[in-house]
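These are the structures, in structure tokens.
Each of the two complexes below includes chain A, the first together with chain B, the second together with chain C.
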Partner chain A sequence: MTLIFDSGRGIAPSTHVLAIGVGRYPHLLGGDKKLADKPMGLGQLDSPSVSLKALLDWFLAPVMLPGSVGFTNQAAPLGTIHSLASAPQPVNIDTPTGTVTLDCATKDNIDNAFTSWLNVVKGSDTNIGVFYFCGHGVMVSDHYLLAEDFGSTLQAWTKAFDVSSTIRAVEREVNGALYFFLDACREVSRDLALSVGANPMALMQADLTKKVIRKASVCISATGEGELAFAPPGGEVSRFSKALLRALSGFSGIKSAGQPVWEVDGETLASAIRKILEYEWEKTQSQKGNRLQVCGQLINGSSVPLLRLLTTPKVAVEINYLPEVMRTQYELYIQSTQAKVAQIRENKCLETEVPMGVYTVGAVDPNGVHQSDIRPDEDLRPPCYNLELGGQA
Partner chain B sequence: MPIVFVHGVNNRDGQIYNENESSRNGFLREIVGPALGFSPDKIQLFSPYWGGQGADFFWKMAVLPDPDAKVETFGVGSTDEAYARVVTVIADSNFDGTISVVENAKKDFAGVVDALYAAAMAGATNENEARDLARSYLLASEYTGKNPSPGWLGTAKDSNFVDQLEYGAKVSSEESFGAGGILDSLKEGFSRLINALPDAGSALAGRLGRRQLNEVVTRFAGDAFTYLARRGTKSNPGEIVKIVRDSLRLAVAHKNADDDKLVVIAHSFGGEIVYDILTHFDAELEVDCLVTVGSQVGLFEEMKLYVESKSDVPPNPPTEKVVRPVKLKRWLNVFDLNDVLSFRIEPVFADTSDFAYDTGFGSLSAHGGYFMRPSFYKRLAARLSES
Partner chain C sequence: MRSLTVGLDYKSLTSPKRGRENELGIALPVKVLDADGSIIADALTSLDRPAEFRISDELRTVFVRLAWPSGKTETKRVNLQQNEMAKVVFTDTKFARNEWSAWATPLLNSRASRFCGERSSGASIEAYLSVWLRIWQFDQGKWHQMPINPLMQYKNDVARQMDLDLVAKPHLLQVGGSSVPWRFIALPSSGPCRILLTSNDSKDPRADPLKIVVTSFRTSAETLLEFLARDAVRAANTMVSSVEMAISLFEEKFHDPLAALIGAYYLLRIEDWDRVPLWWWQNLSTNFPWIPDTAIVHCVRLLRAGLEDEIARVKAITLFKDCVDRGWPVYEEGLQLLQEAGSLLRHISSRQDAEYFAKVESLVTAKTWAGAALSFYGKEPSRPSAVLWVGMPNAPRRRRLSQPAGVGELIKQNQQVVEDLNLTIASKVSRQMSSLMFAKEFVAQRPPNKNTVRKRARQESNSESFEKSENNAIEDYWISREIDDDTNEKKTAKPHVTWLLLGDIGN
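And now, the complex of A and B:
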């Protein structure tokens, strides 16, 4: 099934989602069918179907259980979700009408799902279209994404698509706002670059005689040009999708003037994702030696929020004291006019989540022996705040 | 841990020298360093360049017979140097130039993988690329050890050999939605192998090798004569001695409580220079381990050509030996039977160890081949890690 959710809002302003996750590539390395002539070192992936499911669950959560954390936008509520997934096992999604099994993400199915999605996004000038892809990607001049059946024919690249040109085409078809989230590598492939006649086509051709009509266009890529995107091993949500979901789940937003609403537009979201990626990498790279992954973004047009939150965005806080041998001598705390979070004499960082706002952050010795380090008026903004008090390590 | 690399003869500043240094440093950091218990990023590498003080040929070696001027236009484009080095890498090896690289791999998988990384190393333009290759090589080497004939090799093609090797050997803490830049480096190396394999067994390679051997021998003689004539005295050392000695002293100054070992690797004539320094020019300089590679240190002592050489020390050669330099704690010497310019030291110096290493090269190429082979670093690391 491709259309897994339809709110029945028709042409009323809505948000329409097309989400694709490709982890099973039968013709790439480790696949169960004839290996593509030039597999470009690409193999099977565990993360895309898991990442996709996490994203779909987030979108559907408020529909399934009102009040839960998930997609929130009163101006453009969730309209439809089209989705495809390729994984070793069928991918099942719980929806308001029951559990559905996603169709596989072959190129033909992607073409059909894209056409259907584009039609509904074009239905209203105030619609928001969301396009999400998680799977293999490469680039030369443009960014190319690989469908499940990549390599099934001698013309391997007919089973991939040019998402860069696709975006240019969609921008000429849709009056509303567009959000593209591309969780794929953007590495320049030598094999592709040295192949003549291999460039994949866009999902629709961009007619350059048409004007760009979209109100807003946001494309956030998981990684920079020429770089890789990563996921933890063993089938976990990818780094980018995890950061995206965290940013969407209350760790981004700017207060709308005069209203109890916090808006998350493309720039706010891109900034939050990048900071979360860097924050998470700094926390883990020393143990794993993992490479830094920083997202790329291309934002055009007006500011059209994807989310309109009704609660104050949160900030993930980490406060450390250096040198670490002295941590057990101190109380580490964060305090606002309403509340205080503290940890006393523990040999670890103070980690907590607080609503965005102005705080006093400090380290004090309860016995008054060691010198205090207090920072008043710290402006904590989403998604994260990281401070080292004291001296040098 | 400071490591000082003292180059041998036939090194002149330029693209080849710089690329060789990048490749060598990358492999020393990633393979030799960890074997000694040091983080690759924390190893301090010193590479004194004394080639500029070596022999100067006023007619630019015009006296050398040129068997075929066409050798100089070996291929076209910017890959010439790397390509020519790959021909050198596989010339006179066990590879069969009449069959494909993949067919060669079916006969000697580990050998082809080693040559593949050597070919990739030849094109490494910076140390980071070499370090990536070194890390990848360790995985590939482990993989070939466990899988001398993997199932996929039976149906592999030139277009996907590297893909399948890299995929099989990959051990990553994370899943990546792409192949990683190392694949392209390896594919470039593989491309060079494919192109060079037929040439490596041809008369063209012989002519190239002859040319290279001529140059090595000529420059060896030139550098050796220049050094011996101008090495100076303890109070007024020559330029070559000063360059190498000062680098050794700088490395000593960089030792600290956590990082208190000094390793010196000397290739070819670099061994003679270091020996002269440790016995005469700065006999107080403390070195934890000296590794001489493809060196003639023993031969020069046989000829009594060092400043401190004495014809009556030891009194009864060959039953007696010269004592190891007082401040040198350990001395390993690596030689290749195919390398006509490498010699043993055990028969001449007491408390030293000789190790044979087969570069896989013929006599034309072996002298410069040690540091082109990834497996050399692995073997060197194993020797150094032995207590």
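And now, the complex of A and C:
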């Protein structure tokens, strides 16, 4: 099944999602079918179906259980979700109408789902279209994404598509806002760069007689150009999708003027994802082979928020004291204009979550023996804030 | 209502000798926040024009956040209880260690503490003193090496800087070394240009070891472009205050075409390109051919509006080709547009134009990050390449990629597609052309040493080998001068100093 959710809002301003996860590639390394002529070193992926499911669950959460953390936008509520997944096992999604098994993400299915998604996004001038892809990607100058059946024919690249050109085509068809989240590698593959016929088409050709009409276009990629995207081993949500979901779950946003609403637009989101990826990397950078993943983005047009939150965005706080041997001598705290919101006097970092705002953070010795380190007016903005007080380790 | 004034007192940036006539100096966006971090107001503050705000009486305390293009911010508290008129000033006393390098601090990442006077802990430049630099100029359809004649040179233990005066032609700075990949950085031409080189402490895995920052002293316009290059559109919006300011930048094109170009980039980015008449774009591309970007902004302006007829189609393709023919864009924003235009136009262009699309594809694949300035890897300006080259100018060697098996066969296959006259559309041919360019990087041999050059040149004089054609294509490539005995044309060529070492700057 491709259309897994339809709110029935029709042409009323809505957000329409097309989400694709491709982890099973039968014709790539480790696949169970005839190996493609040039597999480019690409094999099977554990993460896409898990990442996709996490994203779909997040979009559907407030529909399934009102009040839960998930997609929130009163100006453009969730309209439809189209989704495809390729994994060794069927991917099942719980929806308000029951559990749905997703269709495979073959190129033909992607073409059909894209056409259907585009039609609903075109339905209103204030619609928001969300396109998510998690799977294999490569690039030369444009970004190519691989469908499940890549390599199934001698013309391997007919089972891939040029997403960069697709975006340029859609910009001429849709009046509303477009968000593309591409959780795929953007490595310049030598095999691809040298291949004959490695020239995949877009999901639709741009009609150049048409004007660019979209209000906003946001494309956030898991990595910068020429880089690899990563996922933890063992079938976990990929680093990028995890950062995306965290940013969407209350760890990004700026206040809308004169309203108790915090808006999450492309710029805010891209910045939050970048910081979360960096923050997570800093915590684990000592692990062998761990490399910082820096997302890339391209933002055009005006600001059209994807989310409109009704609560103040949060900041994940981590305050440390160095040298660590002195940490037990100090109380680490964070204080708003009213009162202390968190404090700790143990041999560990102070980790907490606070609403965004201006705080005082500090380390004081309750016995008054050691010198305090107090930083007033720290500007805590989502998604995270980390500070080392004291001296050096 | 209370009044709040936010000033900028960057003393290091107020030297009257620096900059262009009428340049107001740096201006940066500031936001006024309440204690919850909600934005109350935003505006631009500059050296000579502080930002003025009216704050509600209900607020006793507000916070003012100043943003740099690098992403670094500085926040100050303002208590409004006592004062009807409050004032806060941001100064550069913490980072203005050297007046000559302070201009670059807002463009360096937030960990660029080496410019701080009190806590100087920056990485030394010493490891890069043997990095070489050379400058290329685009003239009469070709790139030529130019002698480097700095007007001023500066040095300290973490950075080197030089001031140049450039004529109105495209220029590229090339740097390289034994551990620094050869790359180019576009220099804004026509007038004074300053280049600062320092070690790069970015955590980004794509970051080059040497950070290069460039200014042409159009401080406000360049700051706007730096925000755009980082997709900080909200800050860019504050920079221009209103679309009218971008329009005004554009309007002043005959006074300062580069600033006008930056205005054009902004209008395209926020999709307000129809706020100025088409003939403004036309004037920009027609009157300033020495800025290749002017052609591509005009081209993309036509594409965004839709190509309604054959005349518009031909015009758009011509402008795209003009941009490539005039050298490379000066700014990264121009490369984005070149990529956009190339991706769209290759499907409606004929095979004769395929080479243009292939060149752009190579440039996009070879690009690297240098803020707002265009930057890309490669040995020669006309042939950007994803293959990384390192070493001295007379001893280049490849890095990262090994020669793939059967590269000769791949070249043959690609060549067959390129020569297939049944393929009439550029998009079918251009991809294979760029593959050919890429493949040839692998078979390009290390330039022969001086003693064997003459012999090799004679041997190859009648051959059509790739190595020979490569050398012929790059007239001013250093090896060409070495074979000057063999051709009358080269007899009169006078070798000149074509590169200098970073360590020599300021000595």
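Throughout what follows, the second predicted complex is superposed on the first by the 384 of 393 C-alpha atoms of A that agree within 3 Å, B and C clash if a C-alpha of one lies under 4 Å from a C-alpha of the other, contacts with A are read in each partner's own complex, and residues count from 1 in each chain.
We adopt the following convention: a contact is a pair of C-beta atoms (placed from the backbone, for glycine too) under 8 Å apart; a residue touches a chain by one contact, two chains touch by 3 or more.
Quick caveat: nothing in here was measured; it's all calculated off a predicted structure.
Engineer: After the superposition on A, what does A:30 contact: first (chain B), second (chain C), both or neither?
Structural biologist: First partner only.
Engineer: Could you say whether A:45 touches chain B, chain C, both of them, or neither, answering first, second, both or neither?
Structural biologist: It touches chain B, and chain C stays clear.
Engineer: A:212 contacts which: chain B (first), chain C (second), both, neither?
Structural biologist: The answer is second: A:212 touches chain C but not chain B.
Engineer: Could you look at A:165 and tell me whether it touches chain B, chain C, both or neither (first, second, both, neither)?
Structural biologist: second
Engineer: Of the two partners chain B and chain C, indicate the one touching more residues belonging to chain A.
Structural biologist: C
Engineer: Applying the document's definition of touch, where does A:233 land relative to chain B and chain C: first, second, both, or neither?
Structural biologist: First partner only, chain B.
Engineer: For A:267, using the defined touch cut-off, is the partner it touches chain B, chain C, both, or neither? Pick first, second, both or neither.
Structural biologist: Second partner only, chain C.
Engineer: Just to be sure I read the superposition right, which of the two partners does A:308 touch: chain B = first, chain C = second, or both, or neither?
Structural biologist: Once the two structures are laid over each other on A, A:308 reaches no partner at all.
Engineer: Which of the two partners, first being chain B and second being chain C, lies in contact with A:122: first, second, both, or neither?
Structural biologist: Neither partner.
Engineer: Classify the contacts of A:136 with the two partner chains as first (chain B alone), second (chain C alone), both, or neither.
Structural biologist: The answer is first: A:136 touches chain B but not chain C.
Engineer: Do any residues of chain A touch both chain B and chain C, and if so, which are they?
Structural biologist: Residues 190-191, which sit in both footprints.
Engineer: Across the complex, what residues on chain A touch chain C?
Structural biologist: So the residues of chain A touching chain C come out as 139-142, 164-165, 168, 172, 188, 190-191, 193-199, 205-206, 208-212, 215, 224-227, 254-255, 257, 267, 270, 278, 281, 291-292, 294, 297-303, 312, 336-337, 355-358, 376-381.
Engineer: Give every residue of chain C touching chain A within the complex, in rising order.
Structural biologist: Listed in rising order, the residues of chain C that touch chain A are 33, 35-39, 61, 63, 65, 73, 75-77, 203-206, 231-234, 269-271, 303-308, 313, 336, 339-340, 342-345, 347-348, 360-361, 364-365, 367, 369, 386, 401, 404, 407, 410, 413-414, 417, 427-428, 431-432, 434-435, 438-439.
Engineer: If we count contacts the way the header does, which residues on chain A are in touch with chain B in the complex?
Structural biologist: Touching chain B from chain A are residues 29-30, 35-43, 45-48, 134-138, 183-187, 189-191, 222, 228-233, 238-239, 288-290.
Engineer: List the residues on chain B that touch chain A in their complex, please.
Structural biologist: Interface residues on the chain B side: 155, 157, 159-160, 162-164, 166-167, 172-181, 183-184, 187-188.
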